[in-house]
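For reference, the structure I am asking about is given below.
In this document, chain identifiers A, B, C, D and E correspond to the written order of the chains, with residue numbering beginning at 1 in each.
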Amino acid sequence: MLELADYTFYFLAALVLISGIAVITAQNPIFSALWLALTMIGVAGIFVSLDAWFVAGVQLIVYAGAVMVLFVMVIMLFDLRHEIHAFSRGILSGFLKLASAGIVLGLIVGTVYRSAETVFAPPPVETDKMADVTKALANTLFTKYIFSFEVIGVLLLVIAIGAVTLSRIRGGTHASHD
Amino acid sequence: MPAMTEALLKVSLNHYLVLSAILFTLGMLGVLLRKNVIVILMSIELMLNAVNITFIAFSRYSGNIDGQVMVFFVMTIAAAEAAVGLALAVLIFKRFKEVNIRYFEHLRG
Amino acid sequence: MGSTGHHHHESAPVNLTKSNLMFVALSALLLGGIGYSLRGATAVDGLFATLLLAPLFGFLFNGLRFRSPNAMLSGTVATLAAFVSFVCSVLLVVKMSGAGGAPLSAQFFDWMVVGDLSVSAGFLVDKISAIMILVITGVGTLIHLFSVGYMSHDERPSKYFAYLNLFLFNMLLLVLGDNLLVMFVGWEGVGLCSYLLIGFWFSDSEKAAAGMKAFITNRIGDAGFLLGIFTLFFLFGTVNFSEINMRAVQFGIESGWAGPMTLACLFLFIGATGKSAQIPLYVWLPDAMAGPTPVSALIHAATMVTAGVYMIVRLNPLFLAAPNVLHVVAVVGGVTAVMAASIGLTQWDIKKVLAYSTVSQLGYMFLAAGVGAFGAAMFHLMTHAFFKALMFLGSGSVIHAMNGEQDIRKMGALQKKLPITYGTFFLGWLAIIGMPPFAGFFSKDEILWLSFHSPLGHWSLWLLGLIGAVMTAFYMTRLMALTFWGKSRVPAGVNPHESPLSMTIPLMVLGLLSVIGGWIGIPHVIGHALHVPNVLEHWLEGAIHGIPGLQPGSAATEIALMGISVSLAGISAIAAFTCYVRRPELPGHLAARVRGLYDLVSNKYFVDEFYFGKLINPLVEGSRNLWAYVDVNFIDRGTYLVSDMVRGVGSVARTVQNGNLQQYALYIALGVAATLFLVMR
Amino acid sequence: MLLTAVTFLPLVFALLIACVPSQQTRMIRVASLVFSLIVFAVSVVLVARFDRSTAALQFAERLPWVPELGISYFLGLDGISLWLVVLTTFLTPVIILGSWESISTKVKGFHASLLILETAMIGSFLAMDAILFYVFFELSLVPMYFMVGIWGGTRRVYATLKFFIYTMLGSLMMLLAIIYLMYAHHDTVGLFSASLLDFYKLQIPFVAGTFLNPQTLLFFAFALAFAIKVPMFPLHTWLPDAHVEAPTPGSVILAGVMLKMGTYGFMRFVIPLFPEAAGYWAWLFIFLGLVGIVYGALVAMVQPDIKKLVAYSSVSHMGYIIVGLFAMNVYGATGGLYQMLNHGVSTGALFLLVGMIYERTHSREIVKYGGLAKALPIFTILFLIVTMSSIAVPMTNGFVGEFLILLGTFEVSRVYGVVAVTGVVLGAAYMLWMVKRVFFGPAGELVKDDHHPLVDLNLREIVVMAPLIVLVFWMGLFPNHFLDYSKASIEHLIQTRDAYQLTIHTSAAPGAASGVTSEVVSAAETAEARK
Amino acid sequence: MNMQLLQDVVLVSPLIALFAMSLLPVMMKVFQGNREPNPYVTLFIGFIGLSLATGLTAALSGADKTAFSGAIVFDGITAWMSYLVYLITAVALMLSFDHVATRGRQFAEFVFLMLSSVLGMIILIMSNDLIVTFIGIETMSLCLYILCAMSKEDVLSKEAAFKYFILGSFASAIFLYGIAFIYGTVGSTIFPDILESVGTLISTNTLFVVGLAMVTLGFAFKVSVFPLHAWTPDVYHGAPTPVTAFMATAVKASTFVAFLRLFESEGYGDAVQFQNVLQWLAVLTMLIGNVAAVMQDNFKRMLAYSSIAHSGYIMVGLIAAGFGNNFDAGATSVIFYLFSYALMTLGTFAVVAMFEKAENSTVGMNELKGMANRYPLLSLSLTVLLLSLAGIPPTLGFFGKFYLFSAAIEQDMYWLVLWGVINSVISVYYYLRPIVMMYMSDDVPVEIVGTNGMTRLTVIFTAALIVVLGLMSSPVLKAVQRSVTNLF
């Protein structure tokens, strides 16, 4: 008996996959970006279907929001339009690329069916409310994972400075033009 | 037979894992096949998203909240990566006036 | 020749000081050596030491002033050195016979002591070596003396005399050594001197090549000798002659071919064929005539080439224990005697004739040894030393007179111009063709008789000897006729003149010896009638084992055989005289009749051609191929193949590293796929 | 301390030389000569204080180096290594004097390299710890590499690389084997040790007839390293190239000492460590040695280049040594050891002489010579003497060694003996043929050049050659003066080959008996005793 | 603040100190109105930061404990490897100070990023949790991507940075995916938990094996193991040489430690297939590195390939540690090798740095021709360094290789060692080539221009150290052994 949750999953999965395929097939990067945003939203939906409310929210804000804006801005900056050679050429390498990706996929899927089912055969425990999950998440984050959390903070600072640095790099031929 | 099909169609952990595997593969293919560096960056984001689905799915089905924390970290790092990547992209665009990776083959041999 | 030589003479004063320095140093070394060897020495030790070291001193003296053109000084010192040796030899022999014939020995120092092998520098004079040292130092002294005149015009007489003295030293080592190893030292040493002296006029490529040929051919023999030493050492645990002989007797007679003693004797005989120029290793000796003629007389006639015979005689109990080898020795000796003699029939070079004659006469000695007649072998060795040295020196005198000409077709009627030479040569001729009562008659006759009569002999061996004797008479008469008799064919501008006294005195002494030398070994059939004892046989008694199973022979047979050989030789000589003096056109006709045979013989049976064409050149060519194919093309090529493989893979790796980012990503993806696949398998 | 002194004095001297300004070439040369003579003097002291009655290690010094893996600084001297050390210290001053004029560029570097090389070589002969040995063994490659590569001929880079890589390949296999032995020792005794003395005590499993058993594999790993160094027949091709391109001193040291490190390795490591395998595979090594003798001689015969000819003659001579060692009797082993010294002296001398003539004509092509005997008599005499030594004419050193080897070979098998003896003939053939073409006959194109008349050897060159010539005869006439020192060791090796043990000679090492050393040694001994 | 947290914070005090000091120059720059502080001051502050961190690490050493709920561990290896990374960083800073491509207007940021990268490395070294490992790797890598681009050179460095970035992120995604699988199967990402379940899961649960393989490959990328090595030559070539030196040594050292920690379990004993795959990767890594290096004419590229090959050697030790019965011996050999490798590589790259005169020049082999005539000491030092890389005794490189091979032989991995030996022989060929150029050519040498006192010092210092420590490797070995077994 398929329930609503199952149909929801299939819908979201279709959304994620279709938009995912579109991301890598769209000739125009700006469309890729838009499709990527849709994928992110789909993934956020998947998160919700897995009761990860808080993470879904963060996904929407950080990914579909901030990161995508970054992408779009850069694309606008470059003023890129339709590309003539969007895909790399080469029959052999193309075949190998598809084949290797296919093998990886096949192996993982095969493995999933061989082992995950047995490990997680019992149905998942239902968690009650969204708030509980978020609370538990916060608890874990600030106790068990406090070190990682702090380091991530430092990392963001470093990256901020680094990104600024990158944008200010001058030298070589440019330096001489100054 | 229908029962079998139904058992297969009934959403379980495996479905999420397969979904994430496919998405991951799509991301891989994007990195492998697309020539525009921006799209390659996007493909990497796809891969990270796929990983996130795996984390959340495992977390949910094992009742272990740690997975969600990890997703949290991954997202942050993904954002950092995107920042650095785009900054680099801008940098090379300034130098090469191109973002097609086939122009970046000076280092070889 | 002259210009470069002068150049060195001019620069000599500077360098001479250096060599003087060396001279002083080496003299000190030598004196030290003498002192060392005389530590607590008895008189015998001292005699041995002086005997050996005198020529060595001469060598060093002349060797260090090798640039000096002063033939007089060099020659005098060298001759004196040889003479001192001779005096010592005489003293030693006298001392020995005074002591009842017991061998005298001297041990100087331990040479090699390893494991069970213990070799000392030990020397021994017994009755066998007594004959040898007397011949060597005696004839040697004469030849040194002869050389003083002969080499007076040479550029480097000092070097020559140095070599000659070194040869004497080594030859004495050879005969005096009380064990196989010391003998081998001399054995190789004389080979070395022979090499140096044959190639003495090294500017001529052919002469240098002749020296090399001699050395290498000898080396083949030496290799056999070494194997013989090894076999004997592992059989008896010693290399000492007396012990070997003693043990050989204890071991008894060995039949078959694979026994250790037989093998050892065969190996040693290979050595003997090398040194004594027997089939198949005789080829070096005719070429060795490239050296100065006195050298030919001393080394290649009187002394060194007889070393093989001496060695067999020295080890006679051992050889008697291996009768099969003795048969081989006899057959090889007999065949060599005939074959060399036949080649001698057709040679035109005066020295070549004598060389083949030497090979032939050495064959007789081996024939004698092979039938167990070791005494006869020693006897013939001695007489041969006298008359062959005489003839070589005589030929040297002729060549000297003819300004270096050696072709007898360009001589003739020299008997007037060179009376002393002719006279002495004549005596030698009579001796070698075996006319009684000259030296050769007695020794050769004893060999023929014993080869017939000895239980180890056979009538066919006698026949071989007889044929050889007939041929000898023919070619020797031919030589006499073409050189001294008949009409003069001397080219215009050459004025032969008799040699100086220093050269003729040795000739005369040797001529005398050629006449009387044989009298010490007068056969019993004659001696009995004349009441003359066989001194030599008496002398060698005890030192040499008698022929086992020898029955007293019938006197009639012996006399009959003697008559046959002497008369046939006489007829042969007369035939030769007829051919070359009376009717000089005859030999040409005869040769034309048997053209094929004549060509075969006059080309020495094409043995040299065979050796070079079938053995040596293929070896050299094969070595070139070895080098080209194994070293260069196979091993090196293989090495390069590996390095090329590495480089090939390296260039593939470079191509793969094409700079394309997605290609790299592909490698990662492939790596992931492969790893996952392999890990899960 | 004596052994340390003789080993490391050259290194110290090399450092001193390095401090001299490069322009002071004369001072560098003189200093190197004096220094190398000092080292030689120290080695003579070793000889003088050597107790020849024992096979045990003398003057032993042992200090922990890497105790975690049982590696120690362990030097010791016995009858096998004594003369090789002396040979090294003897040849070094000869080489320095011999290269007085021929090395004119980078003089400082050259002498420093030479002295470092001396340390490495002496160290290899003295090291009684496998790793220490390996260190010296490999270290010796480096200065040699530079000597060939910097002061060599036109194809020097090729030759020196070939030399280096060939040798390295072999020695790395040996390194693996050494490591295996260290663990084998650890497994059986419970302690790490890289000491040869401890290795000797190991019982390494051996199965006759198969290849894949520990002892056989270890045997071949060691043998490969040494066979390349020697070099044995199919692995010899680096040698002619290296010799031809090397400068004279390089050739001398290479032929004189470095090749002996290979044969020494066979004596010190291969045969006593793996007695069963060595016995079982002796036929193979004798066979290859015989092939080397004959092949080297034949190929030498057809060489157009004098130096290459001498190089191939080395292949032939080293073949004798291998055959002698694997005859595994006292004659073969003694002869082998003696031949190592002989070869060092006579081939070293030959290379020096070839170098001297090369300095005059700048060519080594045999066809361009001829009639040299007339132009350069002193040179010719010396060359002939050395030739005689090389082809083993009695009364020269070569004979004693070759005779004993052949004797030993013959004891193993008559067939081997007969084959080996052919080398005697072939040896004479190639050397004398070369002598004939170079020295005799009419003057060749290089010799008759009137504008540049050849000058005979000067006093320095004679002084260089004199000690070698003296040795040729000394060693030929009085071999016991040398062999007496080695007798005990060789007999010990041969007689107890299947259960070879070495002990440390305690009483007769007055110089080595410093407190620390003896303590360490005795500690090590008690540790062994406990086992 | 509870006591536990305080103790934990104390344990990471070196990191805090380092980070604080690294921020200082940047802050100065900000407060001075974007005016670059005196580079000497920047360098000095960097050194102070490193010394502080070193001092604090030393003060804390001896503590063998985990912190932050088992996220990090501070044991002997942590301390020892931290010293090494600090040392490398100090040298790399000196090289950067001298180098034409890195000194100048952004030196403060450069130092900041480099020290931040060190921060990531130390986290990586002390990480006891896969997610911390991941964060450490990312911190380290993201800084490195930027550092690679921070050259005055315009084309190659940018391309290198971008390639490195894309491939690095790609590999990170794979690494992360592996973590996800491990998390899913083990239920935790903490090393002790994972290592405890390795024994049971590796033969029963394929998903776990896939996860482990992916994590392994993630590490493999960072240490450039075949076939994830392809970025190495390009990035090493394009990056400014001081950064290359830093990457080649510090990254490898820290990543291998984390890699090693993943294998500190008895459970791998039966994982034959896993072992086989790793062995093949090791062999192919050695081969591809050495064989490709043979064909290089560019000195820097050659060194890049050689660094790939060295990863292969280290893998030998790693496999011996992971799949044998004596983890300590294997780990000791790996750490010892990392130490020796770092010294040799730093010295060699320092020579490369000296030869780079212009901003976008690369050093061809030919430029070394005749160098010995002009710069004898420098040539001698480079010779020592190269011989050490080739593993010729008595240098440190020889002993490094010796211990690696010893560890593998102890585990009867002869096949692997044999390949190691074959590769060592191949490597000799190309390591000798620069020596040939320097010594065996009479060409007029290139002149080294510019101020490079510290670089020169580095070359000579490392060369001397290599010889001295080679002859006295025992103390070093003992220290490493103690650090591995935590017996202080």
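Everything that follows uses one rule, which is that a residue touches a chain if its C-beta (ideal position, glycine included) is under 8 Å from a C-beta of that chain, and two chains touch if they have at least 3 such contacts.
These numbers come from a predicted model, not from an experiment.
**Student:** Could you work out how many touching-chain steps separate chain B from chain D at minimum?
**Tutor:** Tracing touching chains, the least step count from chain B to chain D comes to 2.
**Student:** Enumerate, in label order, the chains that touch chain A and chain C alike.
**Tutor:** Chains that touch both chain A and chain C, as defined above, are B, E.
**Student:** Where the centre means the average of the CA atoms, what chain is farthest from chain C?
**Tutor:** Here the answer is chain A, farthest from chain C.
**Student:** If you average the C-alpha positions per chain, which one ends up nearest the average over all of them?
**Tutor:** Most central by this criterion: D.
**Student:** For which pair of chains is the number of C-beta contacts greatest?
**Tutor:** If you count contacting C-beta pairs, the leading pair is A-B.
**Student:** Averaging only over C-alpha atoms, locate the centres of chain B and chain E and give their separation in whole Å.
**Tutor:** Between these chains, centre-to-centre, one finds 28 Å.
**Student:** List the centre-to-centre spacing of chain A and chain B in whole Å, with centres computed as mean CA coordinates.
**Tutor:** Inter-chain centre distance comes to 5 Å.
**Student:** Measuring from the mean C-alpha position of chain A to the mean C-alpha position of chain E, what distance in angstrom results?
**Tutor:** That gives a centre separation of 30 Å.
**Student:** Between chain A and chain D, what is the gap in Å from one C-alpha centre to the other?
**Tutor:** One centre to the other, that is 69 Å.
**Student:** What are the residue numbers in chain B that touch two or more other chains?
**Tutor:** 24, 27-28, 31-33, 35, 41, 57, 62, 66, 73, 77, 80, 84, 87-89, 91, 95, 101-102, 104, 106-109
**Student:** Which positions in chain D are in touch with at least two other chains?
**Tutor:** There are none in chain D.
**Student:** Touching two or more other chains, which residues of chain E qualify?
**Tutor:** Answer for chain E, listing residues that touch two or more other chains: 131, 135, 138, 142, 146, 149, 154-155, 162-163, 166, 170, 184, 206, 210, 233-234, 429.
**Student:** Report the complete set of touching chain pairs.
**Tutor:** In this structure, the chains touch in these pairs: A-B, A-C, A-E, B-C, B-E, C-D, C-E, D-E.
**Student:** Note which residues of chain C are touching chain E in the complex, please.
**Tutor:** 643, 646-647, 649-651, 653-654, 656-657, 659, 661, 663-665, 667-668, 670-672, 674-676, 678-681
**Student:** Which of the residues in chain A come into contact with chain B in the complex?
**Tutor:** 1-2, 5-6, 9-10, 13, 16-17, 20-21, 23-24, 29, 32-33, 36, 39-40, 43, 46-47, 50-52, 54-55, 58-59, 62-63, 66-67, 70-71, 74-75, 77-78, 80, 83, 85-88, 94, 97-98, 100-102, 104-105, 108-109, 112-113, 116-117, 120, 124-125, 127, 133, 136-137, 140-141, 144-145, 148-149, 152, 155-156, 159-160, 162-163, 166-167, 169, 174
**Student:** Report the residues of chain E in contact with chain C in the complex, numbered from low to high.
**Tutor:** 162-163, 166-167, 170-171, 174, 206, 209-210, 212-214, 216-217, 220-221, 226-228, 230-231, 233-234, 273-274, 276-277, 280-281, 287-288, 291-295, 426, 429
**Student:** In the complex of these two chains, what residues of chain B are touching chain A?
**Tutor:** 6, 9-19, 21-30, 32-36, 38-39, 41-43, 45-46, 49, 52-53, 56-57, 59-63, 65-66, 68-69, 71-73, 75-80, 82-84, 86-91, 93-95, 99-100, 102
**Student:** Under the definition above, what is the set of chain D residues touching chain E in their complex?
**Tutor:** Residues 64-69, 131, 134-135, 138-139, 141-142, 145-146, 149-150, 156-157, 160-161, 164-165, 168-169, 172-173, 175-176, 179-180, 182-183.
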